[in-house]
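Alright, structures below, take your time with them.
One chain, subunit A, links the two complexes that follow: it is found with subunit B in the first and with subunit C in the second.
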Partner chain A sequence: MAQWMPLEKRKYVGKKIPRTDGPAKVCGTAKYAYDIVLPGMLYGRILRSPHPHAYIKNVDLSAARKHPGVKAMIDLNKYTVRYQGDEIAAVAATSMDIAEEALRLIRVEYQRLPHVATEQDAMAENAPRVFERGNVAWDNAGDKETVEKILAASAHVVEDEMYTQVQVHNCLEPHGCVALWEGDDKLKVWISTQAVHGNRGDFASLFDIPEENVEIICEYMGGGFGSKFPIGVEGKVCARLARQAGRPVKLMLTRKGEYLAVGNRPSALMHLKLGCDSAGKITGMWQESHGTGGIGSGAGMPLPYVYHVPKGAYYKKHGSVRINAGSARPQRAPGHPQAEFGMDIIVDQLAYKAGIDPVEFRIINDPNETRKRQYKIGAERIGWEQKFNKVPGSAAGHKKRGVGLGVGRWGGGGARSTKVTVEIFPDGRVTATTGTQDLGSGVRTLIHQITADALGISMDWVTPRIGRSSYPPSTASSGSITTGSVTPAVKNTCDSAKKQLYEKVAAALGVSPDDLEGANGVIRARSDSGKSVKWKEACALLQGQQISVTDGWVEGLSSSGVAGVQFAEVEVDVETGRIKPVKVVAVQDFGLCINRITSLSQINGAIIMGLSWALSEDRTLDPNTGTMVNPNMENYKLAGTMEMPEFDIVIDEQPERGVIGLGEPPRVPTAGALANAVYNACGARVTRMPMTPDVVLAALKKGGAAR
Partner chain B sequence: MANSILNSIKRVCKYHRSKEYYIANLSQEFYLPLQSQDCWCLLTQGVAGPDDSLVEAGDCNPSRSCFRSQISE
Partner chain C sequence: MSNRGKQDSPPGSGINRRKFLKGIGTGLVGSATLSQGILPEDALGQTPKASARSSDIELAVVRLKINGKTHTVEVEPRAVLLDVLREKLQFTGAKKVCDLGECGACTVILNGETVYACMMLAIDADGASIETVEGLGTPQKMHPIQQKFVEHDAYQCGFCTPGFEMSIKSLIDKHPDADLRTIKKSLAGNTCRCGAYPHIFQVALELTGKKGGM
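After this line comes the complex of A and B, so read on.
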């Protein structure tokens, strides 16, 4: 079984190493798809439906076609549009302005159809149908009557309704690409994607050309969060426009397009009941819920979340509801934050009702040993003993503080298909190359660190290369598996390349290759430390040749399954309803930490995303028109630096488990922790997101809490 | 068993996509989309297929006019 290098051989792994590509990003030399400009390049734009539901009776491109600046046009031949923003046609023109102008010249004849813009409307009897098969897909489990009997016999029971709103991905770099045809059957695409090799296959299938004739380039990307697996309509039409025009085309979405058409996190309305015995052990759980992923189907949630509910004591009726809005796409821990918000609030309520400290209640009901330990760490770091209000809302004054907690779990793992090429050159330079993409893990830096440590040399010798489909295949970045896929492959390939170099060195020193070890840029014999060569000397022994090894992922260096908890301290102004997050403590395990800076970045970013979702973000549809009223960064409220509290991150290291991905798990616990802290601060249960001042004031009024 | 898997794969449209398609070899040998929630069609790049019906796990099968098998006869 493969193993990571021993602790004493880790000069870079596990340390605070700044991002290898940090200077390039700061100085602007890092080129994103958005930055690419090619000679003769055209600019693409997509015409979208202004209506939430309509038949397309006719699309007239003739006026636009006459515009001298328009070089290519496509009618997508759609029969039905099902959401505001659904794509109808596309143009490529000599400038962005002309492309926009051309869109305005396209005449579309719509036959408006009735729409549904809320879950309630979509679930109503005789509601207009988004698709023929109906608007709701039900998912049932357990026996309702049995669970109701269990709850009736329980010592304590709580019941409430929790709501989480739709969240849009908000990638700073929009979806899109630049497409360049080189002849009839060779395509080169600079694209913002989280699936370099997946996109190569998709473009090849779509245009029926050999996969090896497609080159995908994504050396840098400005966020994906789960929404950038597909090439998208924008990718498809960009390549078609380029082929039609015989010129390269850039088509990056507008910000409005981003909000309407390329994914979101579904909503969730959860009506929950939870019971426990007199010792605080959960006895049963009752759930009736629904959510919407727009016209798509992805509104499921993993309830009951984390805590143990006895077998046969769980009842669920969950509906994935289709409405006339842009389809959901996977978003950073799909389903988990919604489930956590509902579960952690109802668990918190039950703890208070049973008269058991919420931390202790979780320790009683959470079967995960790692989290049982993390609860204690988090409680100490937030100052639970001193800050927890035994009587919620009892603090004096109108600005009241309180604490609460939430939990998370995730899978991760590694894709065995991942391949890496390591080359060692006679002048001492080393390249480590794989076709992965950096979705945010800092994988370029991780490759850099591991290569240097595995070969026992300075990072200065190493150049990591990622983001091209011409590089060895790597998996899509999905489910927090990038690090668990790439880093074992890098370590394994470095070991194979090192073996070849050591055979040369051994012959020169007159020792066995197995007798050699490398550290600090020197390769020496263990049996005779006088026999050694510097790295540069060793590589010179290659005498004009180079070592080039392609190898792949191996068992033993990564695993899956992580646990985390977060504690929040908030201040609630009971006069204005404003919530001010004061501090968030995150205790997160992810096995072996390769880089403390990039790991902290991942956790910080996840908490920020969770805070922003909990406090302000909201994709708002007008039910009457079925259109989004805030498709821009001015009115869709992303939390900014002024909303951010102090972060206290605890890396709960378990290096013996190997590498496990970190992108998604810390995104999960934040909203529940905040909501529970709000209750502890002011005595009012805020069960609806975003927890804006009006929502807090309504909860205060309803709950009759201290003001 | 081998024939059973082969037959199952034959009944999955070559244009059906979900994120699991891109990481199929993480936990299983083959991509058999039975549980995927967020699916799309490669041809339309949307959740409606070329037949204007919904793309769903398990539903992109030979019963649809736009179906194309991953393994052609």
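After this line comes the complex of A and C, so read on.
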């Protein structure tokens, strides 16, 4: 089985290596899809429904078509719109302003239909239907009566209702692309995407042209978080407009379009009961819950989360509810943060009720050996012993501090289909090429580091190349599998290319190829260290012909399944209800760490996305009009510089397991850790997100340290 | 969230003027519409009050001194500075994210003050001296701010980065010894969705010589 290079051969792997594309990003020379400007390029805009539910009786494009500067128009021929923001028509014009004007000249006759904008409304009897098949899909497990009997016989039982709201991805670069037709059947697209190769297929099938005639380019992209897999209506429309106009078209969504139409994390309302025996062992779990992903599905969550609930002692009734709102899309660890929030709060409540320290209670009930160890590391780092309030809310003053914790797990893994081409040129330069995309994880840099170490040369010789569909196929960046897919394929392909080079070197040195090893830019014989050749001289032996090897993913260099815990310290002002996050400690396992600084960025960023969700973000719909009241970055509150706590990240490395993706796992534990810290600080259970001051004050009114 | 954008507000009443002029271009001008404060996209699906007549708009000649070099460009009076920089002159370092002065990704320095380029008309920048990220340094010869961003991995996707750099440039020009609290307040008008804030703070702290200030 394949193996990573031994520790002494890792000059770059496992180190803090600045990003290869850092200088381009900081100097403004990195070109994102939005930055592409082509000669004669038009600007596309999409007309969206202002209504949450309506029949479209007529779309009249005639006035818009006559508008000076308008070069192409599309009527999407919809009969029904099911959410505010649903696409109706599109235009391309010589400027963005003219395109927007033209949208306003399109006359649409709507027949309004009754809508549902809340889960409660959608679940009511005789509720208006989002689709004909009904609004709720039920998912049941276990036997309610059995579980209720188990709970009745348990030493301790707790019950509560937890709610997590809809979160919008908010990628800073909007969805969209620039489409350029080169003749009737060749299409070039610069697109902000998480799936370079997948998008090639999407465009090819849309226009029924050969896949090799579509070139997707995504050298840089401004964030995805799970919302940028399909080419979307915006991609389809952009390429259609370009074809109609015979000119390139740039169509990037407006921020409002981002909020309404390109994905979100579903909500979850979880009514939970949990019991344990007198030793603190969980005996059974009862769950009735629902959530909504708008007109989309996928509002489930993996409960019971992490902690062991005995077989047969779990009952679930969960409803995926459809409402008239934009569809959910995968978002950074789909389902897991919702499940974590519900589970970690109810577990925390049970720990207090049973009189067992919450950390100890988790060690008792968590079967995962890695996390069992991590609890102790995290407790030490946050200062649990000193900071944990045995009586929550008992500290003096109105600004009260407390600590809490949450957990996370994730899969990861790698795609066997991943291919990489490594070329070694006679002048010593090396390229490592694959059609993956760098969402900000730093995969371009990882390829660079691994190639250099696998060949035993300086990174200066190596150019990593990514972000084109003409490059060898790479998987979509979903499920935190990019690193687990790409890096083993890079290592393996480097080994294959090295073998070819070493055959030439061996012949020149008069030794066997197996006798050779490379390090620090020198290839030498193990049996006779006098026999050596510098990298540049070795490559010169290629005599004008480069080595070009395409190879793929191999087993043994990656695995899946990671564990993490986070501890939070917060300060709650019981007079104003404001929560100030003070410190977050994350202990995260992800196998072999390739780059120590980009990994830190991943973990910091995931925590911040969780903190922002927990404390302030909220996609707010007005139930009466079915429209979003805060589709902008002023009123959709993202945590910013002023909300940042102190961070303490522990990379809990298990290098023997190989690489495992890190994008999603640390996104999971934060909200539960914060909520539990809030309880420990003020003695009030905040079970509803976002945990804004009004929500905190309401919880304090019910109990705790309110005055 | 509280102090967001204060530091970076464009001079004058740019926001209203931009809204107003965009309104003229769309034929939506009229006291009723303006008093409702309708923004272009909010008007989607509504019946236009008059026909749009963008072709009648007389172009204005605007001189912009960008990173020391003067560019003369013909623009519609309603053209927003950010669009002119990005789409006409191809200074694409400043990014368009919110297009409403909420995120700071389009921050440039205009006559020594940071502004949101998305909130300012190009005609209002006529004759101004503008610094963009392209003027800070090149990949071969980076500005110290840029070197620190790379060293500390103060980004992930990189889309907010140029805006943060310009805000930090302005901060250290004005408050060369700023502490963490000042840094946080000064950068509150910039948003990073990847969550690079801790590393961005490190960049600013090292530039202000407050290395241990975290």
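Methods note: the second predicted complex is superposed on the first by the 704 of 707 C-alpha atoms of A that agree within 3 Å, B and C clash if a C-alpha of one lies under 4 Å from a C-alpha of the other, contacts with A are read in each partner's own complex, and residues count from 1 in each chain.
Everything below uses one rule, namely that contacts are C-beta pairs under 8 Å (C-beta built on N, C-alpha and C of every residue); 3 or more make two chains touch, one makes a residue touch a chain.
All values derive from a computational prediction rather than experimental measurement.
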item	value
Superposed partners subunit B and subunit C on subunit A - clash or fit	fit
First (subunit B), second (subunit C), both or neither touched by A:Lys256	second
Partner chain in contact with A:Ile607 - subunit B first, subunit C second, else both or neither	second
Following superposition on chain A: angle at subunit A, subunit B versus subunit C, Cα, nearest 10°	120
Which superposed partner A:Arg416 touches (first subunit B, second subunit C, both, neither)	first
Which of subunit B and subunit C A:Ala24 touches, first, second, both or neither	second
Subunit B versus subunit C as contact partner of A:Lys228, first or second or both or neither	neither
Partner contacting more residues of subunit A (subunit B vs subunit C)	C
Which superposed partner A:Thr641 touches (first subunit B, second subunit C, both, neither)	second
Touching partner for A:Lys236 - first (subunit B), second (subunit C), both, neither	first
Contacts of A:Lys531 with subunit B and subunit C, given as first, second, both or neither	neither
Per-pair minimum CA distance [subunit C against subunit B, superposed on A] in Å	21
Partner subunit B, residues of subunit A touching it in the complex	79-80, 82, 86-87, 131-133, 195, 198, 202, 205-206, 226, 229-233, 235-236, 293, 295-300, 320, 327-330, 334, 413-417, 475-476, 478-479, 481
Of subunit B, residues touching subunit A in the complex	14-15, 17, 19, 21-23, 25-27, 37-40, 42-48, 52-54, 56
Residue ranges of subunit C in contact with subunit A within the complex	1-4, 22, 25-28, 40-41, 43-48, 51-52, 54-55, 76, 78-79, 83, 86-87, 90-100, 102-103, 105, 132-134, 136-139, 142, 145-146, 149-153, 155-162, 165, 183-185, 187-188, 190-201, 214
In the complex, subunit A residues that touch subunit C	18-19, 21-32, 34-35, 37, 47-51, 63, 67-69, 95-98, 100-105, 107-108, 110, 170-174, 220-223, 225, 252, 254-256, 439-442, 597-598, 600-602, 604-609, 616, 632-634, 637-644, 646-647
